[in-house]
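There are two complexes below, and they share chain A, which is joined by chain B in the first and by chain C in the second.
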Partner chain A sequence: MVDVNNLNVKFGEKHVVHDVSFTVDKGEIIGLFGISGAGKTTIVRVLTCQIEKKHWTGNVMVTGLSPEKKSNHSKILSNIGYVPQLELLNLYFELDPMVNVEVFTSTYGMNKKRAKETAEELFKILDIPRDTWKKRVEKMSGGEKKRLSMAIGLIHNPDVLFLDEPTTGVDASKRYDILSYLKKLNQKLNTTMFIITHDLESALICDKVAILKDGRLLEFDTSQNLISSLPSEGLIARFTIEDLNEKLIAFIKKFPSIRRIIRVGNEAIEVLMENFEENLPKLIEYMVDNNITITSMSKDIATFRRYFQIRIQKEEEEESSLKEVKVIRK
Partner chain B sequence: MYLGGLIRKEFGRIRSDKRTLILLFVIPVILIFVFGLTTGGGLTKFFTSAIITLDDMPTYDNFPSNSSEYDDTFISIMQYNTSSWGFHSYYNATDLEEYDNAFQNCYDILRSGDIDIIIVLPRNFSESVENKTNPVLIYHIDASDPAAITAIEVAIQEPIALFRAETDMIANFTIMVPYLEFDVPFWESAILNYALPLILPIIILGTTMNLTSLSIVSEGPLPRMLITPTAKREIILSKLIANSVIMLLQSTEIFVLTAFFGLYSLGSLFYFFLVLIMIGFSGICIGLFISALSPTEQSANQMYLIMFIIIILFSGSILPLGDIEGGMQIFMNMLPLSNAVPLITDITLKGLPLNLTSLFWLNLSSSIYVILAYIIYMFKKLEV
Partner chain C sequence: MAKLKKKPLTLNFKKFKDKISKIKPNFETLKNKISKPKPNFKKYIKNISNLKINALRILKQVIKEFRLLWTDKFNLLLAIVIPPLIIVMLGLTMTDAPSETQSIPCMLISYDSNTFINPNNFTESKLDNYTMPYVEAVNKSSMLELVRFYNATEEIYAMEAARNALISGEIKVILSLPVDFTELLEWGLPGLIDCVLDASNIQYIQQSLNSVYDSIKIFVNDNNLTPQFQLQGFEEFTIPEGYSNNFNSSIVMALSFMVFGIALVLSILVIVQEKPIARLLLTPVKRSEILLSKYITYTLVLVLQVSLLVISGLSMGLYIAGTLTDLFIALFMIGFSGLTMGVFISSQSKTKTQANQLFLAVFLVAVLLSGIFIPIENMPLYLQVIAYILPLSHGDPLLRGIIQKGQSILGLHFIWLLVISIVLVIISFVIFKRRKYEV
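What follows is the complex of A and B.
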């Protein structure tokens, strides 16, 4: 459905995307994760024909068409949907939802009757109350606006839907609702979805995740596979330790099989190590022997959030050691 | 083309903008009502004359019988010596037929706006001067600009004073104004009809510019619209069409209202209505240009105000357009009021057909504004 090979994006001297390649199949949900400036939005802008060809190189295909050719833009744009981060960029607040639908469907050349039927179907899936259908959008709640925005993105039944930060600005309890609505839509309509997000919880509904940093694609796989690539397949031990400080953490780190320690709270750390089951009792013994007071201990599988944190940390460590090598060589 | 939905969207947005609609439809009612009941202001300008001389007294023997000295002196003063007068032409008439022809010529020039006054020197002009009795000066003023009447009466004192100094004349002139040309008859609403040529275009331009000056810059989902098969030209075109329909309704309202309050028009009412529409269209095009050019709503508001002031200042009613030349003349022609005011005056007070040159400039400037709006919008970086 979407093929990206060796995508490079440059604005003047600024190289914002470096050799990014990935393939997405029909019906998959892809999460594009990365801190600000990672290049997520730029990649999506290339895919949605918003960046002129002179700024990018590589082979890109969206729904079998290349955005390289301007003559393909209209077809590509007919095959994709877009849900921007802010509803005010997607909805006419002064008009009612049905007129909003009409505005956008007319741009795809859909007839009124079909548009209305599709809208009603989507509104039902997204639990947009019927009594709001004829009211001005500005009178709808934040969640309803968000869902209406998603409906507008899908109104022409696109093959691929791009969502920019769909859970940003939504309170925690509603975030899962948004994600579950997306999953529901994906299952019902079999629409390929690209989710650009900072919200690592979104990985829960993603079939594959892409982790980007400074315009480079670090990983592109299922979140389970990525977590499994951690030592001991992502098993972690969580300790709560009295009077925890950096010195103590450095001391614990000296235990031979430990691969990484992440401080997750004032007195809490999570530990990743080789041969988890075999080494965990030994680690506890090591700490007790050295008068470290463990107040609680649990074991778990790493979340995607933890994986992301570790992967970015690892990348930063590698970058800084590379810099050190360069300095020494000089 | 996906114009249908886009146009419906535009109507929906316009309908929801109560502030603009009130401005568009209520302000003209109030202003026309006010101008229908109150008086207008005055202007001063540089005037141009044409002279018909009937003077036939041979003052000296060596002059031909149909010539004289003092009318030549007067003509010469009008031609070369005054500071507030321009000179167009003069005619010698020795009989009634020649006078009729000369007057018809001058009348046509007066009607075209090239001159402001026809001065007629009577048969006994030189004789009166020679005999030191009061010579008579007859003049016909273009009264389509009411403020100019008083100003002309003041300005004519200058050549009279020069003439008296030149001829050592003690006697005063007797000035006769048989009737005003192109004025509003006394039984019609003079104040309303004198105000219309300037006030109507100002109202229409101001409100239509206001209608569209925020239409691009304030529409949040427009960049998102570009991630659909919609082209930028369709967006501009839909705005142009929808707003033009609203403007058409406004022009109709204004037309009906002015008729109700006593519109006096010597010329075609259809032409009058057509000019109102052209002015409205111009306002829409300028508004779109402002909206495409402005990065924010605030800057659009500021630009609207600045442009509106410039348009009024360079309307030709404050600075005399005819006396400005070259690039400045083109600049003023690009501003709609400088063409709109004479267009309405010509139709209503002078009964002239459409002035095609003014109409050409008005429509050319509208087209340029809308093309510029399109070009600016095409190159505007819009990303979601």
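What follows is the complex of A and C.
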């Protein structure tokens, strides 16, 4: 569905995306993760024909067509859907949802009756209350607007749907709702979905996740695969320790098989180590011997959130060590 | 020398070889060209079907524009209902007061008192025998209403009192007979009357002078005086009887402002306001289609607005010396120049506030430099240039020409309006194509 090979994006001197390559198959849900400024939006802009060719190089195919050629744009755009972050940019607030649907479907040359039927179907799946169908969008709740926005993105049954931060600014319970709606739609329509997000919970519904940092693609795989690539397949020991401080953490870090310690709270750390089952008792012993008070302990598999944190941390450490090397060389 | 000769030879030969090898691909392209017509034809058909879809898309966009317009009832009211209403109101208030029957209130002061010494018998006599006949003539004239007559030889504060009356608006004219009024007439010389006019309202100046002239005419006739010149006036471009002068002259001024201003107001937000254009551009619809549909929509609104204006004007007794078609086209053109200016401003404004501020600035400048308030010839050169670029300085004379003088629409004013509109349309398309939209 989407093929990206050696994508580089430069705005003048600013190199925003470096050598990004990945392939997405039909029906997959892809999560694009990365801290602010990583280049998520920029990549999606290339895929959705929003960036002029002079700014990027590489081989990009969206639904079998390259955005490189201007003549392909309208075809690509009719094969994809887009759900922007801000509803204000997507919906005519003065008009009602059905008219909004009409405005957008007419651009694809869809006939009115079919558009209406599809809309009703989508509205039902997305639980958009029937009494809002004929009222101004203005009067809908935030969540309803978001779902209407999703319905409009899907109205022409696109092959690929791009969603920009669909769960940002939505409260926790609604966030799961939106994610489950997306999964439901994905299963029903077999739409390939691209989700740009900061929200690491979204990985739950993603078949594959892409992690971006400073325009580089660090990882592109299923989140399970990524997590099990951690030491001991991602097993994590969580300790709550009395009077925890940085010194103490540094001390615990000295234990030989420990790969990484992450402070996850005021008094809590999570520990990743080699040969988990074998080394855990030894670690506990080491801590007790050194008068560290463990108030509680649990064993778990790393979440994607943890994985992401670790991966970004690792990257930063590597970068800074690289810098040090450079400084020393100088 | 021999070596030098050899080199160019080989080079030439190579070039020749190149030329020969170039012929082959040329031949192939020729072949290609011959075999091409079929795909070309297909392409042509495809283009036509594309065109159809585009037309449909534009139509749908136009429908969208109308829907958006419909949601903004105030704007619609402003565009469609208010202008004809203004015309009707002007008509109702102005037709009832035909200007001819209204007489101008005035005061007359006579200083006429020269002493005449008879050279034969050296008798002195005061010469003022033409004063009263003139007072009578003023009284006789239906165009003047004599509020008061002062004999300045008896009342020394006459002029001051009259001036106060002029200030308060009680009268519009002070007539004053100079010291040698009678004397000059006795000698058979041209008489002289001083006349102080209230010039604060331009409308009254001509009317006042006309009425004073009327009184002089009566005076001369009644007293068998022979004036040096008999001036006979034929008024051209007057309005036939049954039509209101006031209504006509105010309509001409109001029409060009109204059509231009409302078109500008309607279109000023048309692009900045529509946020979802950003998302719309992620569908197959093209930028040019979006803008074109806006132009089509607002042009249709303009046509409706102008038609209603013309109809209400005619029904309220507007006299048009020229043809109705010319008037319609002229009004349309003035409105269209406002429309294109509005879209242009909108296309390059970043925010609504900015567009609104620009609207006010442009409208004020256009009105002030329209030539109605200050004659353009009296402006400094740089203002003249700006004035002539702006549409209202052409719209007003164009309308006047058609309504009052029966001119044809064709002429420099019309051509300029056309040119400036076309230029603005082109610029707005270019700007809109480059406008940044991000979702």
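What we mean here is this: the second predicted complex is superposed on the first by the 330 of 330 C-alpha atoms of A that agree within 3 Å, B and C clash if a C-alpha of one lies under 4 Å from a C-alpha of the other, contacts with A are read in each partner's own complex, and residues count from 1 in each chain.
As a working rule, a residue touches a chain if its C-beta (ideal position, glycine included) is under 8 Å from a C-beta of that chain, and two chains touch if they have at least 3 such contacts.
Just so you know, these numbers come straight off a predicted model, no measurement behind them.
J.: Report clash or fit for the pair chain B and chain C bound to chain A in the combined superposed model.
T.: clash
J.: Is A:90 touching the first partner chain B, the second partner chain C, both, or neither of them?
T.: both
J.: For A:35 in the superposed arrangement: first (chain B), second (chain C), both or neither?
T.: In the superposition, A:35 contacts neither chain B nor chain C.
J.: Is A:74 in contact with chain B, with chain C, with both, or with neither (first, second, both, neither)?
T.: In the superposition, A:74 touches chain B and chain C alike.
J.: Using the superposition described at the top, list the residues of chain A that contact chain B and also contact chain C.
T.: 48, 50, 74, 77-78, 80, 82, 84, 86, 88-92, 94-95, 99, 102-104, 106-109, 136, 164
J.: Across the complex, what residues on chain A touch chain B?
T.: Those residues of chain A that touch chain B are 45, 48-50, 74, 77-78, 80, 82, 84, 86, 88-92, 94-95, 99, 102-109, 136, 164.
J.: Could you pull out which chain C residues touch chain A in their complex?
T.: 53, 56-57, 60-61, 63-64, 67-68, 71-72, 275-276, 278-280, 282-286, 438-439
J.: Report the residues of chain B in contact with chain A in the complex, numbered from low to high.
T.: Spelled out, the residues of chain B in touch with chain A are 2, 4-6, 8-9, 12-13, 16-17, 220-221, 223-230, 383-384.
J.: Any idea which chain A residues touch chain C in the complex?
T.: Touch list, chain A to chain C: 48, 50, 74-75, 77-78, 80, 82, 84-86, 88-92, 94-95, 99, 102-104, 106-109, 136, 164.
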